[in-house]
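Which chain is which? They are A, B and C, in the order written, and residues in each are numbered from 1.
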């Protein structure tokens, strides 16, 4: 009993201190957080309208029944998977950088998965009936429905990526050594689980014979290849920001190594894309209509064509930047390449993947979908929420990692050591 | 966190009362007959309030030894769309915002049949049939191997013993995975609260069939489950002015549909997808 | 007394005979909807019983002028299907007379395959119940095909669905 009370007091004390920690910062920090908050509130208000009226407030219809929300979901699952996949092996193989990256990478993965889950939630027509999806309480269609697998995989991944960082951070907070024998299996588990979440997401598109654009065996490998490009690119940018605003030491070498891995992943991505191109254009069956719609336009409908070509250009340029050591090892070109990949893969994997699956629809109809203002605002709101959550997590995690923010008994030590 | 979000939203929105009442409603297949009776009573009251009509809601089960099959004679379809609107009336579909139609008639140029990309859905000539074209109505095919049932994450749609693929509208979460999975565009979605003019409401309904639906639930042709389980022809069969549509029990060797399959050259759409559709098209000319 | 019994027995026998012959007809009878006749036309004998008959193939100038025969008109004319003595009946090829509610038998003489399909229910239209004992209605050939001009006339189609770009009506 006494122990529980002690833990409760400790947790509450810790929580109060984190609140102070996140509430104090530079002007830039405040500006960042409040602008994100403004976007989040705007997005939420727009979502309330959608919840009220129904999904007719979006631009989706019976012909194109999944749109911007599911496009973002697909991209974010990829980003989440890649974050862990990159970070954990770097740690496990004792590759410089050190263990800081594990925690930050996993927290990034957690924020990413949270965003992905939110995107699914806003896409559901009847969110109030979500409990129907829970196993045992509701009636989850496991193992037949891939969406059921996805729910389990994503929530499990989220739990893993909250549990591991929390465990490590609490240990650091108390200046205790983590029990690696206990935590390492979980860290190792998150690697195949990361592959799993993105494979399951790919499979949920893959298993639909009604949509020949998605019903291709190449889908899961392509998803993983493009995830390996986008996730690490975001991480490179984030780590540079972290390096600037805190005391965490991250060497350039680490960033360059990551960029090299991205180059290989992008090569694979481009190769797989080339394979798809060959199959569609050489066989030239009726089923190439979605690819034609995407890259050339179909019967005068060509809304996505400039987007996908922009994405392809960005991807190829980024590939070259990351391949050539001179451009890879210069921070300006490196960052440019990262931005190109983030946007290029988003276009390719988001709208450039989801929408052509519905064009033409199974009865041959073509509807050009563009997201409307409501969908855009809700999407921005969720992205802003993810960024805010990640920012707040970093605001707490980094000081713990660097030893600045620690239990009060050690805090006095810190202050006295500083004053000398 | 998801739980709290899901719980709080109904309380914040406008149609809150109905949604909170139905929040804990069980899946139709798990209800006892007593629970079903209570639910029917509640629905009848609600419909009376909303539409001012006394509804008869049936929960009649499948007739044993029946497997419904549909026949459609392509040589006779003239593309008049009377089946579409008879279905809309019989099955209480939303008339606008959104406009939901379970049957879609495709117009194909003579010489085309399989590549539906060459179809026109929005033809509107002065008279039909037009020379040089054939007409192909498509609706839910009640597949024996339904891709939609496989992908539904909550078992909101399933196949009844008589072959009809049914939807529990109160269980559907509106994820629209089934719409992505259907090769025939048989399923449509209530993008908002449906709009049915009160005077056109059809009050004899089946719980799994044509009872008025709510926003953000999926719906589709049920072979007029409210009619066929009583032994009556579906509304589209009765509406067709050229006798194109035929219906019957595939397990009864003396039925009309078996006569067609035995003697005419029948085919099913997208048979290569192995959906085992029950919708047999045939033609003489 | 004996004569009376003989008469009654003969009467019953004859009545039985009538029943069996109509029983054959009743077994054949389909639950057809009433034939689509113009209002007030039937019974035809109300005019024709007292009229003279003229077997000459010609175009009618005084009555029935709205009927344009476009149905094998080079080979047949009115009196090949309508019996010349009893206009309330139709006439089969072998001279047998049938009621208007059995007109399918006449159509079936030339259009055999369609007749067979109609009997099985896959040609033409049926409404009502197809199982059990509920009321069912079979439509006669004449309900869809005007026997004098059988080709279907084109009709105005119902409106197309709102196209998906029509955000005003929503789709």
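We adopt the following convention: a contact is a pair of C-beta atoms (placed from the backbone, for glycine too) under 8 Å apart; a residue touches a chain by one contact, two chains touch by 3 or more.
Every value quoted in this text rests on a predicted model; they were computed, and no experiment measured them.
When each chain is reduced to the mean of its CA atoms, the one lying nearest the mean of all protein CA atoms is B.
Chain pair with the larger contact count among A-C and A-B is A-B, by C-beta pairs in contact. One finds 36 Å separating the Cα centroids of subunit B and subunit C. Distance between chain centres (mean CA atoms), subunit A to subunit C: 73 Å.
Our note on geometry: subunit A versus subunit B, Cα centroid distance of 38 Å, whole angstroms. Contacts with at least two other chains are made by residues 97-98, 104, 121, 191-192 of subunit B.
For subunit C, the set of residues that touch two or more other chains comprises 170-171.
Shown for subunit A are the residues that touch two or more other chains, namely 56, 61-63, 365.
Taken together, the subunit B residues at the contact with subunit A in this complex read 2-3, 5-7, 9-10, 12-14, 19, 23, 27, 30, 97-98, 104, 106, 115-119, 121, 138, 147, 150-156, 171-177, 179-185, 188-193, 215-217, 273-274. Across the complex, subunit A meets subunit C through its residues 56, 61-63, 365, 367. Remark: subunit C residues 164-165, 170-171 touch subunit A in the complex. Interface residues of subunit C, counted against subunit B in their complex, comprise 120-132, 134, 139, 144, 152, 154-163, 169-171.
For subunit A in complex with subunit B, the residues that touch the partner chain are 48, 51-57, 60-63, 65-66, 117, 120-121, 123-133, 138-141, 144-148, 151, 204, 207-211, 286, 289, 357-358, 360-365.
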